[in-house]
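Below you'll find the structures, each written out as structure tokens.
Here chain A shows up in two complexes: once beside chain B, once beside chain C.
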Partner chain A sequence: MKGILGNRRAKENIAGYSFMFPTIVIIGTFVILPILYALFLSFNKVTLLGGVNYDFVGLKNFNRMIDDDKVWISLKNTAKYVLIVVPCQTMLALILAAALNAKLRGRNFFRTVYFLPTITSSAVLTLIFVWILNNNGLLNELLGMLHFPTHNWLAEPAVALFGVMLMNIYSTAPGFMVIYLASMQDISHNIYESAEIDGANAWTKFWKITVPLLKPVTFFVVVLGVIGSFQVFDQAYIVSRGDGGPNNSTLTIVLLIYKYAFKNLDMGYASALALLLAIVIMLFTLVQRKLFGDEKN
Partner chain B sequence: MNHFGKKGSKGFIYAILSIYALITLVPFLWAISTSFKPLAEIVQGGFSIIPKSFTLDNYKTVFAQEPLFPRWLMNSVLIAASVTLLNLLLNSMAGYALARITFFGSKFWFFLILAVLMIPFQVTLIPSYLLLKWFSLLNTYEGLIIPGMVNATYIFMMRQFFLGFPTEMEEAAFMDGMGRWGIFFKLVMPLAKPALAAQAIFIFLGAWNDFLRPLIIMSANEMFTLPLGLSTFRGEYISFTNLIMAASMMFTIPAMLLYIFFNRYFVRGITFTGTK
Partner chain C sequence: MKKRLSLSLVLVLAFALILTACGGNNGNKGKKASESPAASSSAPATESASPSPSAEAPKDPVEITLSGWGASPEEQALLQQTLDEFQAKNPDVKVKYEVIADQYMDVIKTRLVGGEGPDVFYMDAFEAPKMIESGVLEPLDSYVTDDFDIADFEEPLVNAFKSPDGKSYGFPKDFSTLAMFYNKKMFADAGIAAPPATWEEFLDAAKKLTKDKTVYGFGAAPELARQMYMIKAFGGKLTDENYNAAFATPEAIQGLQLVIDQRVVDKTSGQPSDAGAGWGGEMFGQGKAAMVFEGNWAIPYLNANFPELEYATAELPTVNGQKGTMAFTVAYVMNKASEKKEASWKLISYLTGKEGMKTWTSKGFALPSRKSVSAELGYDKDPLRGALVAGASYATPWQAGPTLPIISTNFNNQFVSAYLGDQKLDAAMATAQETSNKEIKAAK
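On to the complex of A and B.
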């Protein structure tokens, strides 16, 4: 009997590792090894001349950030971005979810339509927006017709970032909407019914019941939104053709890392920046998991 | 539950839903309509969504003027399809092992997958580039496919999915002397279709729309995927909006069809990845 059990255990070990083998190799080579490599790169000056050369420089890469204007500009852009995009996308997602949750006829159609920007490639979406926001584009025609001031949206530093923000709100809000929707469906009907007996109208029910009960979800959505804002790249790259212009107004943190690593080939410094970004993002993720996990239990 | 009260507010809700649907649809309709207009009509301006003189010339011109366009399309199809198929197989294998097989160190590997879920890809970008350079995989299909052929998020998703599976059938198959591989391919995978469909659509769209990775890995024009091609194309044909929109639509329509077709799996997947 023991022999058979031992045999089965050995077979299960072999099966387990053969099922996991490709995953272990790929994650080992392209996630774990790169993390260690990134740590190493962050403390070196890296030069790419045919081969790759490393010069240990200690904390120099990290000290350099403090005096690097570009870093501060990209942080400022990201802060602006978080302050505008996160509240907008959260409110939009909440409003749309509440409207869809009314279970009216045709809601599947609406939901399907709302996701179009999410499934469209950032390259295409950006090209469409560039076309709508350009000097004689659709937006200016509309504004002109209504006698509002027009802008050359993506060429003026003061408004270029807004173009990028608009695209992001447009493509991320539907995902958050579905998260809200799933949680709204978990709210018990009884709460609303007893509120109705007390004479609450739709407006009060929404603000006094739905919104407070969704607080943990809102927190979750806000943190995801902040993390997403730290990672903006595609739209900023395509709008500015890779340089973060005009006048650094669309320079995001990831675009800056890209420029240092692949334009200036300064991979040590770029790795140090990426490492710090990753640590910040992971801190947000941890806080979110801690709080959201607790709420769930 | 209806937040906005009874019949009276139906109109209000429909107004909200319709206005946002319009905001979403107009840019796409505008882009599609632009792709069928001759340049002269576009330059005149105006709001007409329906082209005054409908033409297919823009689509023909894209192929004639940009000989690499079919190549970019083929690169995108090849890479997205390979990445999707490999992920479906490998993520399901790993998810199944973590859910069902008791093997030495299985807890460790599970926690490793959970840890990997938290790591933002930006930190691995530069070292991965250097590793690919070292493996001589820059500018190759393998350079994009191999690092992306497993995904921790979907390994985790498959594990959760398999945990909810009834075990009786597997036990019976075990008794009949079927091995793990037989059980996995003949019994488990066919029953996992809904989870596989959700996974497939996300992975395909992710690979199809990916911009940053191809941007770094592919430097030769003929190895570009379409998103990269489009942004290059835009630089060369900056004032030919008709051509840019035609090229964009050819890239977008396959993804849109896939999305409309697999819509219900898509929504299920979003809820999962959002709240994992």
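On to the complex of A and C.
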């Protein structure tokens, strides 16, 4: 009896693994192996041009970070970026979702319109925003009409990063909106009804029912938002034409990694920085789990 | 259960087969690519029962790849015409011309590392020392014959592609210096008769030409590529003998300060983005700057996009009583890993030779780096290009050893913030120098 059971389990295991085989191969080749390789690279000094060569240098690449001002500048920029973008995009997503969840006329039309930025290529969006943020662009025109001070949004170090933030909030909020919307529609009407009987108004219902019940979703959205924001690259790259200027104000950590990897061909150091980024993101996610408590389960 | 198992086994097998097939292909890729033309033509050869298939081989043209960055369609067409003429004269060589649209050096370096580099490609003088040092370029001295006539090139332009031990790794295809482009109508309206000859006159002119918020007297480019000659104007140096940054000296700053003061004190200079333009030529064309320092590339651009614009050129104003400008040049270089070096040299020697260069520079998109071609085409007497040609004799070439890419990035970052008035120039330059040297040291 036991033998037959064991045999069956083995067979099931084989079947299971065979079904997973293609995925395992693909993930192994394109995800696991590169991660291990990057790990290996980060402890080496890599020469690529004129003959590939690896020199084991131990922790030298990591020591180099401490002395590298650009690492700290880029981490500071990225942290600033995360701290502003994540709350804004989460709130905007929640507000948009709430608006669409209300029984409005032409809901589907607005859903499509709101969702468009997310499915537009980020390169195209960035170019459109480059025009909007241009010194003679739409934003300055509007600000000028309202008698607000105007800025050369992409050339002044003090405000250049805000331009990039604005772009990213605009393009990512709708994606999260859809996630919020889906879970809002899952909330049972009975709860709202009983609240109404108890005399709750729309505002109270939103804050006391909708928001608390969406907490797991908010956790998910914030985690994804933080990871995405830490990895911001394309907008900063296009805005600064790849160099993170003016005065390093749009230098994000991924842009810095790109510069070291492909401009200087310093793969060892770039891999070490990528590892640093991975650790930072993991730490942030752990902190968030603590903050949001166990209500997720 | 059994059915499922066998099904999955089939899937697994199929997948494994695909994988091995791919792997096999990859291994042979390099070989196959070079063999395929021979293989396709050997089929008719066996049909006619030719006894010597090896005799057939030379008839097949050798295909070599030429890579460059993108340019205007007119320029691209002219290069294609030059290549067509080359292929007509050399039926045994076929040139595949590839345009790398963006981030040229990043792409080229990555391809060279991956063993997929082109046979012949463009190399900016600015990046050349680093690439020569890394050993990926083929030294060309052994290919050069007397016919090629190296002495005919403008000397500083050839020297830009030599290694420290004097070997040539590339020959300049063309060059440009910077000249002052000025808007004739604005000059007439402001009552300025002649283009300014000295920096003092230039500052005065810029004050008269500036109209608040709409026209900047001078459209500046606050970056090292355009400002290196200002470092030299009062005896400053960009780097020391070990190629470490050494520009945070009073001499160097004295020259650069002139550029900063025009913006911060006089407020008569603006960068293209202040006017919503992408570069100086566009700013000038749109009438948002009365004067810009640009190169030959601006002439076809302005003529094509702003045909109404009335402008003229002059040599840059003298600084500290001396003439100065920048020179930019690009060479054709050969990939050391190329398997078709003979054909590659044929192409390089044609494109940089008297005949090919004459076609390539005939329409004035670029200035010839050979003296004989320049004299033949008469660019020194051309009303717009004369000032650019005149600059060649005293220009500072845009090159300063293998560390220049690092220095340039850090310089630009800090110089812009001084230009915008966010910090004092000497503090900015000290930071730029320190960061550069730190990075140079770390990269060693």
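Convention: the second predicted complex is superposed on the first by the 249 of 297 C-alpha atoms of A that agree within 3 Å, B and C clash if a C-alpha of one lies under 4 Å from a C-alpha of the other, contacts with A are read in each partner's own complex, and residues count from 1 in each chain.
By our rule, contacts are C-beta pairs under 8 Å (C-beta built on N, C-alpha and C of every residue); 3 or more make two chains touch, one makes a residue touch a chain.
Everything numeric in this text was worked out from a predicted model, so none of it was measured.
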**Request:** Pick one for A:Val52: touches chain B only (first), chain C only (second), both, or neither.
**Result:** both
**Asked** Quick one: chain B or chain C, who's touching more of chain A?
**Response** B
**Asked** Which holds for A:Phe110: it touches chain B only (first), chain C only (second), both, or neither?
**Response** first
**Asked** Touching A:His147 in the superposition: chain B (first), chain C (second), both, neither?
**Response** neither
**Message:** After the superposition on A, what does A:Asp67 contact: first (chain B), second (chain C), both or neither?
**Reply:** second
**Asked** Where does A:Leu275 make contact in the superposed view: on chain B (first), on chain C (second), on both, or on neither?
**Response** first
**Asked** Just chain B (first), just chain C (second), both, or neither: which does A:Ala155 touch?
**Response** second
**Item:** Partner chain(s) touched by A:Asn248 [first = chain B, second = chain C, both, neither]
**Value:** second
**Message:** If we overlay the two complexes on their shared chain A, which of chain B and chain C does A:Ala15 touch? Say first, second, both or neither.
**Reply:** both
**Asked** Can you pull the chain A residues that chain B and chain C both touch?
**Response** 11, 15, 19, 22, 52, 136, 262
**Item:** Of chain A, residues touching chain B in the complex
**Value:** 9, 11-13, 15-17, 19-20, 22-24, 26-27, 29-35, 37-38, 41, 52, 92, 95-96, 98-104, 106-108, 110-117, 119-124, 127-132, 136, 138, 141, 170, 175-176, 178-179, 182, 184, 187, 189, 192, 201-203, 205-206, 210, 220, 224, 227, 231, 233-234, 237-238, 241, 254, 257-258, 261-262, 267, 270-271, 274-275, 277-278, 281-282, 285-286
**Asked** Residues of chain C touching chain A in their complex?
**Response** 1, 4-5, 8-9, 11-12, 15, 19, 103, 105-106, 109-110, 112-113, 131, 134-136, 271, 273-276, 405-406, 409, 412-414, 416-417, 420, 422, 435, 438-439, 442-443
**Prompt:** chain C touches which residues of chain A in the complex?
**Reply:** 11, 14-15, 18-19, 21-22, 25, 48-52, 64, 67-70, 134-137, 152, 154-158, 242-248, 262-266, 269
**Item:** Residue numbers on chain B that touch chain A, as the complex places them
**Value:** 1-5, 9-10, 13-14, 16-17, 20-21, 24-28, 30-31, 34, 45-47, 90-91, 93-94, 96-98, 101-104, 106, 109, 112-113, 116, 118-120, 122-131, 133-134, 146-147, 149-150, 152, 155, 179-181, 184, 205, 208-209, 211-212, 215-216, 226-228, 230-231, 234-235, 241, 244-245, 248, 251-252, 255-256, 259-260, 263, 266-267, 270-271, 274-275
